[in-house]
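What follows is a pair of complexes built around chain A, which joins chain B in one and chain C in the other.
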Partner chain A sequence: MQYKSQAVAKPYFIAAIGLFVGQILFGLILGLQYVWGDFMFPEIPFNVARMVHTNLLIVWLLFGFMGAAYYLVPEESERELYAPWLAHAMFWIFLVAGALTILGYLMVPYAKLAEMTHNELLPTMGREFLEQPTITKLGIVVVALAFLFNVGMTVLKGRKTVVTLVLLLGLAGLAVLFLFSFYNPDNVVKDKYYWWWVVHLWVEGVWELILGSILAFVLIKTTGVDREVIEKWLYVIIAMTLITGIIGTGHHYYWIGTPEYWQWWGSIFSALEPIPFFMMTVFAFNMVNRRRRNHPNKAAVLWALGTAVMAFLGAGVWGFLHTLSPVNYYTHGTQITAAHGHMAFYGAYVMINLTMISYAMPMLRGRTAANSERSQVLEMWSFWLMTVSIVFITLFLTGAGILQVWLQRFSENPQGFMVVQEKIALFYWLREIAGVVFLIGLGTYVASFFVGAKEPEALPEGAAASA
Partner chain B sequence: MSQTFTKAMARNIFYGGTVFFLLLFLVLTFDTTRALPARDNRAALTPTVAHGKAVWEKNNCIGCHTLLGEGAYFAPELGNVYKRYGSKEAIIGFIKSRPVEGIPGRRSMPQFNLSDKDLDAVAEFLKYVSEINAAKWPPNIQG
Partner chain C sequence: MSQTVVIAPAPGRYPPGDLAIWIFILAELLVFAVFFAAYAFARAGDVALFDEYQHTLDRRAALVNTLALITSSYFVVRATAAIREGSARDCARWLAGAIGLGALFLVVKSLEYAHHLEAGVHLGTNTFYMFYLSLTFFHFMHVLMGMVILGAVALKARRGGYSATEHTGVETGGVYWHMVDLVWLILFPLVYVMR
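Showing the complex of A and B:
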């Protein structure tokens, strides 16, 4: 760690991991409710568990992004963070606001929560992923502004690099697009149209900038490849992201009442969206192959490569699978969507966060570059357990989705939704089993922070253990 | 990447491409906004429907159901439920009759204890949604 103030990243990373565990526990509850319909009913109905699952995901990813920025920006800018105290304060505000919101979901009926927080003054609740009470949303805006100010000032006063510039653009875009969550017209078509400006333009737009810049940073650090080369790649990748991804929003405008020309715009541009993800994969492997040194943190390099591959599979391949409008006509809003959502979120945004945490945490905990051999081995086990199980979750949901589409939408005698759900229950059981393996992988991941913590640091491959 | 393709060129493609496609997106959004009145059934957007949407949101119906294919995949599509059930009364009857303790072993919908006003409004809202021109989606009545 080169700058003292980078240390503020640590609580952000710890909170992120803690909330990640919560997310997965609620995922398992959801998965069980799929096959054991009244599990925990009426105490925790499905919709409540789902909000907890998805909101915890978003919140912990945001914690991770902020931690990543607090770690990376001082190092890139070659100076201390502008206001470390502000970062600390925002950490607690965000954590408490997040915890209260989740507790609100779990302790009182949602309608009651809406009343308690006076949703009627500025109704924003009750829309997928944007379920937070309006007051929480305002809190998120405050935290985001304070955060942007803090890292922005650090960048302005220090060395400016392409990595920090792209990161800042992504983070600023994240904050600006979130403002559309406050627009909730009575007109359902308009509501949906702008809802996607938050959701799609986040994950297939500005978040990819954040992803690209963090990946670039970790690759610069672990491979020692010339910054010029990496920065050129970064520009090309994010150029392709926005050139395809902005108009690509149209793949959500096929069947919500918007004009039918979106079937052309959406299909063509979103079909190109896998390109930046593919380039990211080529880029990551290229840089690692051209490395000038063997970094002792092998786990971090594994995560970085894993991110590139899994983001391409989840977003690129599974996204392409259902993005053309004639296909989407049948798959829209089925388990195919859920399959893609899981692998894309995991491959791109979970994994980039775990990459950064893997890279930074050893230094934040006082190591010079890497954890002990034993701790890394365990971490790499967790990598494989989680990654392989998300692949299986995706495959089982894809199987469920194909059958669902066939039985409910495509065959001669379409059957009712609930009838079909019972017929494909086997796939949901298998998904749940894969989910349990995921949890074991996550447990292994957490354990890797404690196992071998007292042992000496791992040495880079090829380095003689003479010292 | 070769030396003839410089970082400055990559940067210019990024800024130029982003600005161009952002503007194109805004143009398409503008055109969509102009085309919507003919498709989005806004004539039916009464205060009752607006209240119905508020009821829909306040009870987080989207947390289990899809509406025009968006939402959760745990329970049936409701964008066309008005057509599937044939009347507002049938929808209201279904929502009202959910057992408080659920249906043993089966996916259960909560009993929301909605007032008659709320019930009527949410049914009216679902009727309004079913009459939006969604380009012939869903493929059949099962949603």
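Showing the complex of A and C:
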């Protein structure tokens, strides 16, 4: 760790991992509720569990992004963070606000929560993923602004690199687009139209910039390849991301009351959204192959390569599967969407956060570059357990989705929703088993922080003999 | 101006310019290719409609624009040739000429758009106009982008940022501009002429 203030990243990473565990536990509850309808009812109904599962995901990813920025920006800018105390304060505000919100979801009925938080003053509740009470949303805006100010001032006062500029662009976009969560029109078409400006333009727009810059940073650090080369790739990747992703929003505008041309625009541009992800894969492997040194943190390099591959598969390939409007006509809102959602979020955003945590955490905990051999072996086990199980979750949900589309929408005698759900229950059971394996992987991941902590650091490959 | 332009062999590498721009160009061409294919697919479904509304386009204006872009590409070639001989001032001048022709393209295209807007045409009018407006506007934005790139290159050239031995930037900007030109050379016959 080169700068003292990078240490503020540590609590952010720890909170991220803690919330990640919570997210997966609720995922397992949900998965079971698919096949055992009244499991935990009435304490935790399906809609509440789903809200907690998705909200925890978003919040922990945001914690991870913020931690990543606090770690990476001082090092790139070659100076201490502008105001470390502000970062600490925001951490506690965000954590407490987040925890209270989740508790609110769990303890009181949603309508009651709306009443308690005076949603009527500025109604923003009740929309998927943006369920947070208005007061929480305002808190998110305050935290985001303070965070941007802190990081922005550090960049402005220090060395400016392409990595930090792209990261700032992504983070600023994240904050600005979130403002659309306060726009809650009565018109249902407009409602959905602008809702996607938060949801789609986050994950298929500005978050990709954040992903690209973090990946670039970790690759610069671990491979020793010239910054110039890596930055050039980053430019090309973000240009393609924006060209395809922005108009690609159109793939959410089929048959929802928007003009027909969105079917063409959405289909054409979003069909090309895999390109930047494909470039990212080629980029990551290229850089690792051209590496100038072997980094002792093999786990971090594995996560980085894994991100590139899984993001392409989950976001790129599984997104393409149902992005063309004639296909989406049948697949809209089926388990195909769930399959895509799981692998894309894991492959792109979970993995980039784990990449950064894997790279930075050893230094934050006092190591010079990497954890001990034993700890890394365990971490790599967790990589494979979680990655392989998410592949299976995706495949089982895809199977369920294909059957669902066929039985419920495509065949000559379409059957009712619940009839079909009964018929595809086997896939849900298999998905739940894969989910349990994922939880075991996550447990292994957490354990890797404690195992071998007192053993000496791992050496880079090829250095063992000389050491 | 001599009659034959002798272009000194580029010192060093193939392809000329930065490799990253070629990857970017391939990706961009893929976007346009998909767009063209979608056009062809949609047209096959309703040839009569496409033929009918193709008549309302101003082919003379498009021809002027075609000539403007081809000439501008020639100017970019001259700019590259100039810098290879070490003449940064000539390079910047040729680039300025190319940017001027790009501006002409934008003016003519804007007049066409104004004409259509006046007639009440918009994206939702029909499938043909949807494609016409989307494709040409997407290309329009690329011309604008190309002009910005050429502008940056021209400024750097004037400040002496390139030499006969190191002028990757000129080639990089140049190949991007040729791509913009190339796309129009497909777009023009496809949307304005072919039936």
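Methods note: the second predicted complex is superposed on the first by the 463 of 467 C-alpha atoms of A that agree within 3 Å, B and C clash if a C-alpha of one lies under 4 Å from a C-alpha of the other, contacts with A are read in each partner's own complex, and residues count from 1 in each chain.
In this text, a residue touches a chain if its C-beta (ideal position, glycine included) is under 8 Å from a C-beta of that chain, and two chains touch if they have at least 3 such contacts.
Note that this is a predicted model, so its numbers are computed, not measured.
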- Partner contacting more residues of chain A (chain B vs chain C): B
- Task: Once the structures are superposed on A, label A:A239 by its partner contacts, choosing first (chain B), second (chain C), both or neither.
- Result: both
- For A:P460, is the partner it touches chain B (first), chain C (second), both, or none of the two (neither)? neither
- Message: Quick one: is A:S267 in contact with chain B, with chain C, with both, or with neither? Answer first, second, both or neither.
- Response: second
- Message: One more residue to check, A:P259. First (chain B), second (chain C), both or neither?
- Response: both
- Item | Where chain A meets both chain C and chain B, residue numbers | 232-233, 235-236, 239, 243, 259-260, 265
- Touching chain A in the complex, chain C uses residues 18, 20, 23-24, 27-28, 30-31, 34-35, 38, 42, 123-124, 130-131, 134
- Query: Which bits of chain A are touching chain B when the two form their complex?
  - Reply: 33-34, 36-38, 41-42, 45-48, 50-51, 110-111, 114, 119-120, 123, 125-128, 131, 162, 184, 186-190, 192-193, 228-229, 231-233, 235-236, 238-239, 242-243, 246-247, 249-250, 252-260, 262-263, 265, 329-330, 332-335, 337-338, 408-410, 414-418, 421
- Please name which positions on chain B make contact with chain A in the complex. 1, 5-7, 10-11, 13-14, 17-18, 21-22, 24-25, 28-29, 31-32, 35-36, 39-42, 45, 49-50, 53-54, 56-64, 66-77, 100-108, 110-112, 128-129, 132-135, 137-143
- Item | Of all residues in chain A, those that touch chain C in their complex | 232-233, 235-236, 239-240, 243-244, 259-261, 264-265, 267-269, 271-272, 275, 279
